[in-house]
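Order of writing sets the labels: A, B, C and D. Residues in every chain begin at 1.
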């Protein structure tokens, strides 16, 4: 017994020492370390040839030019052009297709069949949340073709702002410094305009503005009245002195008014202050083919109650929203609501069907001129990555309802622009700017697809915007509102979650 | 409790440290605090050994075994907690492979591992003295021979302990980024280095005193001669008073020179509730000076309840000091625009903590049950029977 | 190549707190989006924009935004000396404090040492939504769980610039060739980057550094014309109007 | 850690630090190796028994280590320093010279009704030695020892020719759970063995010096002491005290079935 036990120990000890002399243990620890270095589940970034491609950011109406660094065909980072930087959200645009709440599958054909059946004898309405696109024109043509088609635009009249001429801005809750205009333009102009923000909430713009008028919620128009007439305004919660001094300032500087909701009185005041025609002008659109027969833009307020049988909402690119409460009343009792979106966040909650759409930078389309560009522009956003199977192109879908083939709409319009022969096209790859007449149509089209922007020539006087009846759209969303309503790239967690730079609403 | 501890630790190892409530500001939490405290309390092992084998204070032979076991328990517990605490436990050996000799943590790691081995070796004879094991002659002889060499180990242990106890203090003393903890010092070591050595040496005997008292209460047996505990108390008291004095001087220098030098007036630290100046007072006076004085007053020292409570106060004082050094340091903001943070350990952390404690208790009680931790115990058994008379031949002597 | 000392000068008054730098940084350096339930205390943002306010209430309240990143301390760098295994090193050639994640033990001692809280620990396994890993930057390796990481002035870009310089037979790299992602992305060009030894990058007069008195020699300089901002930013040790 | 590791640079600090580290390592390892070598050496020299006795003697409670001369009242208090081996004890030698021959000419002590014939010498491990005319000596358990064990379950006697060492293992007895090593009273060589009466050996002593064993007048006080210890051991087992004055029954175990006999015997046969 004793002997064996001792032998056992001897053996163990000898074995241990022997093992230490063999490379085995060292090898083992080294391997352990290596394993801990490429921990399971850590993706290996794909290497490959680096390429640069250009497109336009479709996240907001600013439509900034984008320079994409790609490995093969996969963009790995986006950046603006020199002097035309992107905002935080534009920088992560290439990751938008991977956002968590994305809807990918739906039975488009079934939905199409249902709509087609009802379209025969019911009112079909399209709600366009980003008017002025070629897609918008497709909708208008389709609605014109349908027996009882109605085209609803979130914003009826789209005024443009001539920032260069602006000396002072009084903004009624417009996020001037947070997702309103083209970041670079606003940034450059910021040095020469004074910003007065009238807003109940403590928004970023309010706190970065030169002056913040903390008014009571819903008293924007009262403030306008008070400024216009010099009377009243007690309801806003501001004292008369403040209002008087502001009014005084405005009169002297010939200020510009911006309103979150379009209203006649605001435009009226702008006109009174001489802003209209100088700093606030009519939005100009790029030429469209004469063959296109559009339906008129129907203001939502003038739609009869409970008349809409089928409501199609294009959320694939949304700059402004019509509150659901305003839409609800217009719907017939058994109305069919279909929304084209990539996530449930927006109207998806109320719609019966949600048809998944491609998101930037998968989608193909054009971006209407930015609010701060008085000149007409034409810019394409071209897919940097291929859209997943099963996504629907809203323009082609709705065009299809009226037997309109919208597949080539963009190209047709580009043709029309080229035919008009005005303006010039500046290509981003080489930064050159060529007059349209010096270049062939197909070169023009190719240039636009490789990242170029057509800009109308400055000539011609700036027309005052046509005033239409007010529409209840909520325009000019700041990024917090966008984040709440629409899809956002996963990395927004850096801004909203991992730091308290921004506050999710 | 042990199971729960293992489960929590397992969670932290498998799922990662997101299980804890630590964060980027509170990079250290309950565990580091635990380690520092436990190691300070475990200092009894080296200090008793030092006194007994190097300075030949024979009376301490009564508690040396118990001291060694306590030391072993504390250190192994601390190392276990550390292994859970680091993000990549598989890489523990990197510290030995690529040591950055300027880092206090390197020093700590090296010393603690060495000292743990020393403690293990010192523990071997105690184990081998078990009656059953002693039946094996080779064990018997080995124990005997090893015991003759134990003073060498005691010497090494003292050396190692001195350095890692100090380095543990250094850990925070060198944090230039935290004016609250940063101290200038002698040579390469900040003053906290020496303060920690002193405080650990002071706390060690107190903790042994405490455990001995506790064990004898629980087992209601008399384990050591009555004069031993007061002796421990006296040693602890003398060191404690020295520590308190040193600490006071250091604090004054810090308040008037070091901290303003870093651009922060010292009052600012204490403007953050709940860490008012009371914590400074508690640390130095309530849990420092008072027990020291009690332990140094012979009359009080001989009253066991005074003695024990003073020892307890000392231990609490040291724990408080470690708490201040670890958690308060991290809680205080350094930049003007970062907030004062508070931190509360998650149940996984607490579980691991309890697990370590449970492990300690288990090992100690097993050792107490099967090994002879208190050699004097046999001598102190009181015969309950009446002295034997011998009726037949009574009055013969 | 002559020894450089790269640094930044940040104009607080220009910063609008848009967060472009934070996003660009995360994109460039393959920092994953946060898992559920992560807050600003456990998140990973190599550069983080802090929000200061002047403490006033209502309409008088003003904001300032202060981008905070690793300050690349040049003198007795707190994190370098404490790392037990040389996972943090100050590169004498560039003055950049480098972090080696594959060497890091995850003891977080460096985080405790950093007065700027500019170091971040991987509390979670890095994970990207399905498909998003395709968008990772091949120049930077993602970090594993349980290690510390921080800003290194886009080291990948520095290597690339060196490679280009070498390819063109230049010994020195062209300043325009090496620009960190945050600098490139800043819409208001509030962040300037360069070799502090060069005259054009030398910090302007009146610019200050954070916690200068600690004597860690940070290489990030800040400017502001607003007194309250300077007062808050320059003051060490936390104030009541802390805004995390 | 090693000069060839990445990131290693020679510097005062690293040299000092690593130097210290390696010193510590060497010290620890040499200590261990030394201990092991000595272990093997002493094991080879078969000094196990001596060492065991030494360490066990240290383990004995102080009151079990009393000097025989204290028992016989020549010292007020004195603990034995030579592990009950009076042959090297100069104090013992001195006392023997001073001591006048014992007046009492009794042939037998009778303690608690146990007979301890004085023609033999007693070892404190409860063995007795009866020198034989032919120079050998008869070694067996004494009365108390025998009564403690009663009828042994099993006896392991050494082979004739085995060398015994004083205070080393004489023979082993199993009784109930108790495994008792009976300490050999003398150095010598076993000539003959018999299992009778709890085992007895015929031993040829190495030298005929028996003065480390108890004789004549020392026997009674020692035995009284032993009875005390026995009682203490029994009471420690929670057994009722010895029937006062009553002569212990023949088989003490039988009368204390509950007692942990291992503990009692180990106490009485001096093996903690």
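The working rule: a contact is a pair of C-beta atoms (placed from the backbone, for glycine too) under 8 Å apart; a residue touches a chain by one contact, two chains touch by 3 or more.
Quantities reported herein were computed from a predicted structural model and do not represent experimental measurements.
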{"item": "Shortest path length from chain A to chain D (each step joins two touching chains)", "value": "2"}
{"item": "Chain pair with the higher count of C-beta pairs in contact (A-B, B-D)", "value": "B-D"}
{"item": "Of all other chains, the one whose Cα centre sits farthest from chain D", "value": "A"}
{"item": "Geometric centre distance via CA averages, chain D-chain B, whole Å", "value": "40"}
{"item": "Where chain C and chain D are represented by their mean Cα positions, the distance between them in whole Å", "value": "76"}
{"item": "CA centroid of chain A to CA centroid of chain B, Å", "value": "62"}
{"item": "Averaged-CA centre spacing for the pair chain C and chain A, given as whole angstrom", "value": "30"}
{"item": "Chain C residues counted as touching two or more neighbouring chains", "value": "42-43, 86, 125, 144-145, 243-244"}
{"item": "Touching two or more other chains - residues of chain A", "value": "36"}
{"item": "Per-residue overlap in chain B, given as positions that touch at least 2 other chains", "value": "88, 91, 94, 97-99, 102, 106, 137-138"}
{"item": "Parts of chain B lying in touch with chain A, wherever the complex brings them together", "value": "88, 90-91, 93-94, 136-138"}
{"item": "Chain A contact footprint on chain C (complex, rising order)", "value": "16-20, 22-24, 26-28, 30-31, 33-34, 38-40, 42-45, 48-49, 51, 53, 58-59, 61-63, 65, 102, 125-138, 140-142, 144-145, 181, 184-188, 243-244"}
{"item": "Residues of chain D touching chain B in the complex", "value": "1, 5-8, 11, 13-14, 17-18, 21, 24-25, 27-28, 31-32, 34-36, 38-39, 42-43, 47-48, 51-52, 54-55, 59-63, 110-113, 220-221, 224, 227-228, 231-232, 235-236, 241-242, 244-245, 266, 272"}
{"item": "Chain B residues touching chain C - in the complex, by the definition given at the top", "value": "16-18, 22-28, 85-88, 91-92, 94-95, 97-100, 102-106, 109, 171, 174-179, 261-265, 268-269, 272, 329-330, 332-341"}
{"item": "Parts of chain C lying in touch with chain B, wherever the complex brings them together", "value": "35, 41-43, 50, 52, 66, 68, 76, 78, 81-86, 103-109, 111-117, 119-125, 144-148, 210-216, 232-239, 241-244"}
